[in-house]
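I've put the structures underneath this note.
The following pair of complexes shares a single chain, subunit A, combined with subunit B in the former and subunit C in the latter.
Coming up: the complex of A and B.
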């Protein structure tokens, strides 16, 4: 068990800079998820923590010790790879025992630790098989088993579930979460799946193009996204973005179609400024008699059973998605009166994308 | 449902495979059957009379200390060539796998020796080690080693082994390099995180994963050392001195064309044929199994 800290970590491959300075404190026992679009540098960051890539600039410390120059084997970490990276010429047992054998753990203890890990992961019956005789889900478990027998200070996961089918992914996600509740080992988990990110993380690191956009608990990031990018990246369906302008008194914002949406707090400083307005689909509700904030022209309705996704427009260019609870009888072409809670309206700077 | 793909013209398939069949018959089956036929015949030295002797030729061969000696020479020669060529090629391939800058030039240079004809390679090495004019022999003398492979059987063996190895390294190198590059990087990284240093990674991960390639190459190298090295032996030592480098193929040639014992030589070729067939069968068996690690 250990805390991990990143201080101004940068990475360049030749002349291309891939990571532009990451600062982060990860406490002991925390489950951190790094999430971001493909190519944003998640794997690179994780590999630097593992010691598989050199740090160009800045410091990485594990358990208070700077490890920039420390070999992977001396960092007391274990990593689960996306393609599992099981040794094909060894049995499941040998795969899991390999790291322990190298560290000179006595045979009896190896047996005991592998058996315990196999028990936790329910792969006890597979110990004599070769990796090629396993299904994807079983391989995944073996890869996890190989990591947990070592009882390392930090677990690193690089998209460990992305090769599994959707159902198995949900199941393994739950198991990883349970496993962490049992073992309480500091974990850093890379994914580009936002559901995985939201459900697994104690705290999330959202990355974009080599920069950290925001760090915080999933719910903080969902409710108070610091940037336009974070707002758009988390949540499904994605947040609606409309162009608007803050009214002169800073009390409301003008949306397309002449809609005036009231704001929860006065934005006097932003008065008169053109802004991007973010509204989550699930925060738009049917007016049901109350005075509507806006009236949406319905273009398309998707009935999902548990909820109804309505595609529509307010004015010209004001394309909106609304998610309404339950199966509601709405038809294409309807004029749908909607209400919007003022505290659910997010304003972002047009230029920088920062939250106002 | 299986879709059958075929030719509507009944004759066309036969015409298409005919060239291959013709080549096989003329260059393989006919000489092989000739060897088989000759191996049970005995000719007088002038080739005037031939008579059937059954397995007598084979019996003579196995009672001939010269043949048994040649068998021993062949074993030493091929095992040395195979071991050296495999070992050195693996070493070079592992180094090349690590090289990033100039890798292409390095690889190209390493592949060149394969393009050199055996006889030319032999002559090249012969000149280098020539006791009177060879630069290597000169350097060896300067260091106090008296080099004369024309007199010393051991030295002659070293020289032909070197020449034969040098030519085979390229071939092995290409296969080993391809094998190394087929090993997923993440396996090596996983082993590094598991605590294995560079050496241990090589012995416990890389080498086992290369073993199918290595076995395939071992068979190829032994076949090479048995048969394709004739040109080298012929140009460097002619089997000498005192038959110290007379491997089986060379003896086949020598007995037939120098000693004019056609029957005996044919019997020896039949034995070589049996050896090469055995090696091939072993190899195919292994290749079928090799996906199993």
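Coming up: the complex of A and C.
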């Protein structure tokens, strides 16, 4: 087990800068998820930590030791790949034992460690099979088993669940979380799936275009997104963005359709400025007799059973999504009165995307 | 595959049987001729019933050769076997290593080397035979196993085949071995070779037959009868000048010449077919 520190880590491929400087301190036993859209540099960052890519600038330290020039095998890490990368010609047992065999671990100990890992992952019955005789979920377990037997300081996961079907993904997600609770090994997990990120992470690193947008616990990032990007990336359905302008007294913000939404804190400094207003669909509630903040013209209703997603408009450019609990009888064309808690309104700078 | 019924099936079978008969008939005639006496062979038309001199003809061929060319075929078979095996194994070893270097290592002029290897594909043995002969003779390798085999070992085709195969192996597999702690040669031995084994088997069959059937090169560089390969041996037996060619013995030699390649094909058939058709190894 070990902590990992990234200090001003940059990566250039030729003249293309793909990572613009990442600083992060990952503590011992922490489960960190790096999340972002494809091409944001998250996998490259992970591969640099693994030692599969060279660091152009900055330092990566594992357990207090800078490992920029250390071979992957000497970094005391184990990695789970997206396509599993199992050795097709070896049995499950040999796949898991290979790393130990190379390191010259005695046979009896290999047997014992593989059996223990197989036990944890419930793949004891599959040890003599070849990878091609396994299902996707089983292969994924073997890939994790290969990492576990090594008992490394850090686990690295590179989108390990992307090749699984939706149901299995949810199941494996839970298992990875449980596994981490059992082993308490520092883990760094890369994904583009925000649900995976939110459910697994102790802390999240949200990346966009080679830059870290925000680092924090999932709930912090959800409730207090630092930038427009983080706000839009986390949460499903995604946050509504409307163009608005802060009123002269800084107490409310004007939305399309003549709606005035009150703000929880006065934004005197931003008074009169055009801003982007972010409202999560789940924070819009039916007025149910209370004075409505806004009235939405309903365009489309999606009944999901547990909740109802309502697509609609306020005024001319104000397209809104509202997520209402339960199955509510709303019809297309209705005028839907909604209330909005002032503390749930996020304001973002139009130019920089930074939270105001 | 859709199973045909009725006329279609019979027609398919008829065509197949005719095809096999066409291919097999000359071999059968060879076999019959190898079991007759010379005068029986020279009867026109030659009988198609096997005669009674089978063992006699084969033992003459194996242990003494024809009267004009008194080299025992057993020795020729051994020479051919050495040549075919060394060429097949050598070609596979060299190609595996050079494909490994070209695909997995970054070194200056990597692609230049690759294209140099590739370009030699366009130059068949016959084109470079004079310079090669000069080199081999200057190195004093005439009439030796080294001279028979070494110049034929370099293989662009096999290198190219292995390169193409290595390129289909996912990068993650290489990275997984790096993280597992295997160095390049360990990766080569533990992962690449086992994954290539069906390709190796298929190539071995092809290259063994290639080596076995070599004609022009051994004809040029061997003058000593003790170094004759079986293909050359048959040719020498036919060059009997004014004397009567001993057809039964020549035919027996031909049959003997066919046995090792057939054996290799039959023994490796399963692997061979797998190597050619299997995508999942």
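By definition in this document, the second predicted complex is superposed on the first by the 356 of 356 C-alpha atoms of A that agree within 3 Å, B and C clash if a C-alpha of one lies under 4 Å from a C-alpha of the other, contacts with A are read in each partner's own complex, and residues count from 1 in each chain.
Here is the rule we go by: a contact is a pair of C-beta atoms (placed from the backbone, for glycine too) under 8 Å apart; a residue touches a chain by one contact, two chains touch by 3 or more.
Predicted, not measured: the structure shown is a model, and the values here were computed from it.
Partners subunit B and subunit C, brought together by superposition on subunit A, clash.
By the touch criterion defined above, A:356 lies against neither subunit B nor subunit C after alignment on the C-alpha atoms of chain A.
By the touch criterion defined above, A:77 reaches both subunit B and subunit C. In the superposed model, A:63 lies in contact with neither subunit B nor subunit C. In the superposed model, A:102 makes contact with both subunit B and subunit C.
In the superposition on chain A, contact is made by A:87 with both subunit B and subunit C. In the overlay built on the shared chain, the residue A:309 is in contact with neither subunit B nor subunit C.
Of the two partner chains, subunit B is the only one touched by A:130; subunit C is not.
Across the superposed pair, subunit B and subunit C both touch subunit A at residues 50-52, 71-73, 77-79, 81, 83, 85-89, 98-99, 102-103, 132, 146.
Those residues of subunit C whose C-beta lies close enough to touch subunit A in the complex are 170, 172-173, 175-176, 178-182, 186, 190-191, 194-195, 280-281. Residues of subunit A touching subunit B in their complex: 50-52, 71-73, 77-79, 81, 83, 85-89, 98-99, 102-103, 130, 132, 146, 150. Residue ranges of subunit B in contact with subunit A, taken from their complex: 184, 186-187, 189-197, 200, 204-205, 208-209, 293. Residues of subunit A touching subunit C in their complex: 50-52, 71-73, 77-79, 81-90, 98-99, 102-103, 132, 146.
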